[in-house]
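Labels for the chains are A, B, C, D, E and F, by order of writing; each one numbers its residues from 1.
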Amino acid sequence: MNPDILRQLAGISTATATMQLLKRGLRNCFIRGARPFNTEHCQFAALAYTLRFIPMREDLSRVEVLADPEYPPRKAVEDIPPGMALVIDARGDLGAGVIGDILAARLQERGVAAVVSDGPVRDAAQVAAGKLPVFCAGAAAPASLNVHFGADLQRPIACGGVAVIPGDVLVGDSDGVVVIPAALAAEVARDGAEQEQLEGFLKQRVAAGHPTIGTYPPNPETLQAYNEWKNTAPHRQ
Amino acid sequence: MNPDILRQLAGISTATATMQLLKRGLRNCFIRGARPFNTEHCQFAALAYTLRFIPMREDLSRVEVLADPEYPPRKAVEDIPPGMALVIDARGDLGAGVIGDILAARLQERGVAAVVSDGPVRDAAQVAAGKLPVFCAGAAAPASLNVHFGADLQRPIACGGVAVIPGDVLVGDSDGVVVIPAALAAEVARDGAEQEQLEGFLKQRVAAGHPTIGTYPPNPETLQAYNEWKNTAPHRQ
Amino acid sequence: MNPDILRQLAGISTATATMQLLKRGLRNCFIRGARPFNTEHCQFAALAYTLRFIPMREDLSRVEVLADPEYPPRKAVEDIPPGMALVIDARGDLGAGVIGDILAARLQERGVAAVVSDGPVRDAAQVAAGKLPVFCAGAAAPASLNVHFGADLQRPIACGGVAVIPGDVLVGDSDGVVVIPAALAAEVARDGAEQEQLEGFLKQRVAAGHPTIGTYPPNPETLQAYNEWKNTAPHRQ
Amino acid sequence: MNPDILRQLAGISTATATMQLLKRGLRNCFIRGARPFNTEHCQFAALAYTLRFIPMREDLSRVEVLADPEYPPRKAVEDIPPGMALVIDARGDLGAGVIGDILAARLQERGVAAVVSDGPVRDAAQVAAGKLPVFCAGAAAPASLNVHFGADLQRPIACGGVAVIPGDVLVGDSDGVVVIPAALAAEVARDGAEQEQLEGFLKQRVAAGHPTIGTYPPNPETLQAYNEWKNTAPHRQ
Amino acid sequence: MNPDILRQLAGISTATATMQLLKRGLRNCFIRGARPFNTEHCQFAALAYTLRFIPMREDLSRVEVLADPEYPPRKAVEDIPPGMALVIDARGDLGAGVIGDILAARLQERGVAAVVSDGPVRDAAQVAAGKLPVFCAGAAAPASLNVHFGADLQRPIACGGVAVIPGDVLVGDSDGVVVIPAALAAEVARDGAEQEQLEGFLKQRVAAGHPTIGTYPPNPETLQAYNEWKNTAPHRQ
Amino acid sequence: MNPDILRQLAGISTATATMQLLKRGLRNCFIRGARPFNTEHCQFAALAYTLRFIPMREDLSRVEVLADPEYPPRKAVEDIPPGMALVIDARGDLGAGVIGDILAARLQERGVAAVVSDGPVRDAAQVAAGKLPVFCAGAAAPASLNVHFGADLQRPIACGGVAVIPGDVLVGDSDGVVVIPAALAAEVARDGAEQEQLEGFLKQRVAAGHPTIGTYPPNPETLQAYNEWKNTAPHRQ
């Protein structure tokens, strides 16, 4: 994917991105339950690298499996390419953390863009103190083996009620994380940037006392005013 | 409603208000899932102005409907009288925000007292930075059309598991929002103020080492001490 | 219980404690839904003193019962020995607070170690401003009588999906609260301290750029490096 | 609405109706939690007449209200036109029945087409013994006042997670109930009848040992065979 | 308790019993999730004998505990007096059965009135084939130890969202099970019998074509007709 | 796998199988929410063939995909070997059926052993009338595309809260379905058969009036009686 597209997407809000997707008929793209852990470090756009957990079974979820370099949750930490976002299907289970402070530190060090999950994180205070954008369902002390078994990497997954296909684009900010199908990324980036410029203008109008009806969404008069403003505001182009 | 009653109610806590309602046999008056978005700006008392969402249907929840000045969620923003609180029935659905930053800014500008919902808000960081008291179920980027259709205004609604009738009084603080039937507002205000004065005295007693048994709730000796304190504490009257 | 064990346990994280329990075959020991109310005051280890609520019934949950010195929720506040933790089974009901500011102040004054519940707290802002470690499911204004009746004290309870037997050890930190069976407390304390020392070393290795595979969990080479470090680092012993 | 359309719709399955709606972009049309109470009497198609409950509040949900001829849940029973279906928004609350045996008997006697709700029914055995098609969420003994207050009639409602607008067409069978927007009823009826004829043919093919791939959905060869069969099977036209 | 009261209560429906309780201000008395397992054998009234489960913990929920004659779930089967109903608090957990066919057969043989739980039953087909009234949340194969530990007997419990105090009266029929506080049993029995006689009359009126308004609830004219009917219908007295 | 093992497993109940697994430390093996659709046709043992759904996304879940012979949900129907059981991960979503009557008929015709899912089935009446053992979460009319997208075949899945690995053994009866790891199948079959023989004897003892304590589980005296009975009951060997 053209890195410019990711850069542009990192500059638009998830509210804008979901509106662009809605206009294209996609309603089910926002990951439920993945809240930004540190609102200072939550803005990102990156390709999805997926990890999938299935429910714990005592014969599978043994502590020894952690030492297996092929065990997917551990392999993921070293194999995910820098710049991508690790997305973890935890089935919304709140009983165990999907990563802890050591793995988070390593992911940050490796240049990973973000960690996103519908499950919690352990060592919450330390993870929140780092700079890695983490979106999760709160904190839980137990290791993932308490309730999960790591099934595989880079398969389509469910996360927070939405589909994530490896290579989809994830965009995050303080509202949470939206999934953008790869094929739509370029147009969402382009139209989203335009939408944000328009909304910036509309916010000024509302702040100046205009009623929202006629302004948001804009009627023809407002649109004309916007176009004039755009033409006479060279710094916005 | 006598504005003095609202002023008095804005001065008592929701914990006090719910206790006064419990004493009158009302147990189901606290809106579940509506957390204060900004604890600096969460204390209010106001009459309820209601907006009701029903589930999304693709033939109804089209983006074009936003431009219709009669579409209830947009009409509400301009029609709610200043000083009232907008209460939104979102059926507890966490998949979409019920308002975003532009509408919140307009509601604040129009002098609305608060926004209360069992659904989330979009553009969370910007909304939280404003001064409008907002009580909601967290943040979600998608617009309401993603999961809702705006059904009507000023009808009785369900919000967070409780009934809200237009004209009920809402009182909010850092614990959340309580619904007070209009007919009970005056007596809750009066007896709530008295309860708060008493509890202020009891807190001093507990802080001074008195056991809670006999103090909270007060036995006759404690009540007598309270009455003496009240009579000799002219600044409290 | 030997107070040294509690002191040691207060020094290890809940992530470490749950891992030690997992190694002993215990997976279901972390209380779900009990979040630290004040992350400045959340680290503790203490014996469990239990209070159990059952659902409200109008003939039982009358306001008058609060004045009964034998009513369990009130008796608990005065009878729990200093240094113990009050654990409250609220069945995860979010509709009422299990304690408020006056009872929290009294518990703090009496030297109680912590309050832990799968239900919310009322007077949230005041409770959070105190120094008593409180772990709960958020804030709710109504008194417990709105949805509960106090059943008994010092019986086995369910809290956040796990069993708590009076005399179990509770350990809390910013991730939440773990329940350690009394019979396992000494070995969890001992092996947990060792685990934390090892993980401290591993964190340094990861920070220095070592891949997590081979480091966490440590392979024989890493373990040997750890043992050398331990032997030559007298300040750690 | 043309009664022929309702007659046609009563002859197609809800599986067929939802597929026709999906082809038109409508995915959220099946009422969750409304199971047929009596599979002998569950096939119907009728216009929706809506009743809406909001949560119980003790000052509203008094037994005396039942004697008020304007109380919506009672007024509905006498005012709903024969041939229409009563749809009741119970917010999925399982704690009280939305109707009991006396009201069900009256609705049957008045020629009502069906009762549909996401809440339970009381006097379950007697209601199931009647001939009125009832779709509900099981049985519960308490009257609706225990957990509800009747808010209004003939407003848009939510039922089982979907929108129901007065005048929408409801179609029910042993799978449950689907909501068809009035504007789409005619084409769903027409294309649904064609789909059922085709699927009847495909079932014969599958029963005769054809693999489903190429048969269901049909490839060009299968479609040609279908068209020939249709032309030579005059009884099907 | 006077056995006549239980006999009378066994003759009224749970719909009637809950209405009598509502008239006395009790709304939260119907056990959610306890469905009759065999509608041929579900009518009963009996005193409650309680068993309480707490969540499984691996050090407690060992198979060996089943051989301990003091283990509450096994002790209950032999200690519950004939004629009483065993009520089991399973916290609504659907992952394990609370009893199986052997224990059910023994309870039936010992003359126990019913088994009631918000959890499932194992060996469902065999249990349903017996004559013991069982109300439960479906079927599940695992033994209770898989998710529970038996905590104690004859303590107040929560079952299906309601309080059950040992000695309360349980009444069951095809709608489910209602809990009647012991102190109210006599008046509910008396007024419930009267209500059923009245409703029998009203059903005849509705069947004869009377509108429900004015009939149910009865207005003065209908009440007068009822009283006349009662006086001239000696067989009903 | 030795077909004798499957034959033996088909002869033991799921209650027995889960107890054998519990004795080996496996507690999480019973699929929640998969109820037998037709209790006449529910007993089976077979190897698991898995199908995995992820959440619907409008760009993926298009009707056209059904015609793709590689689309996993359709490919599964023709590729699953006779004698195996199709297990479908539907994330417990109740909004759409995972199969309908045509696919069920084809699976039955192809000699598939069973269909198991934590989602519902469409065309419920027709499917229930067939002889294919189906375990599901009720009925729902919409096609799977309404809420799902078919992700892949023969990967590890979650179903009803438990892990299912391709090649695991599934055993079903009227209680539901249990998952047996392949490596444990032989010993569960052997010890399960012995357990059933013992329990058959114990049932006779209980039916003859023996108290359950000392009988179930058996104490040494009961065990001795069992062994004598076994030796003198040649028809049982």
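Rule of thumb we're sticking to: a contact is a pair of C-beta atoms (placed from the backbone, for glycine too) under 8 Å apart; a residue touches a chain by one contact, two chains touch by 3 or more.
No experiment lies behind these values; they were computed from the predicted model shown.
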item: Same-residue or different-residue interface between chain E and chain F, half as cut-off; value: different
item: Identified repeat of the D-F interface (over half of residue pairs identical), from D-E, A-F or C-E; value: D-E
item: Chain at maximum distance from chain C, centres defined as averaged CA atoms; value: D
item: Intercentroid distance (Cα basis), chain F paired with chain C, Å; value: 39
item: Cα-centroid distance, chain A relative to chain C, in whole angstrom; value: 32
item: Separation of chain C from chain D, taking each centre as the mean of its C-alpha atoms, in whole Å; value: 49
item: Chain D, residues touching no fewer than two other chains; value: 25, 27, 29, 56, 161
item: Contact pairs between chains, per stated definition; value: A-B, A-C, A-F, B-C, B-D, C-E, D-E, D-F, E-F
item: Residue ranges of chain B in contact with chain C within the complex; value: 13-15, 17-19, 22-23, 27-30, 32-33, 35, 39, 161, 173-176, 178, 199, 202-203, 206-207, 209, 211-214, 216-217, 219
item: Chain C contact footprint on chain A (complex, rising order); value: 56, 63, 66-67, 69, 74-75, 77-78, 94-97, 100-103, 105-106, 109, 122-125, 138-143, 145-147
item: Chain D-touching residues of chain B, taken from the complex the two chains share; value: 25-29, 54-60, 91, 149, 151-152, 155-158, 161-163, 165, 181, 183-184
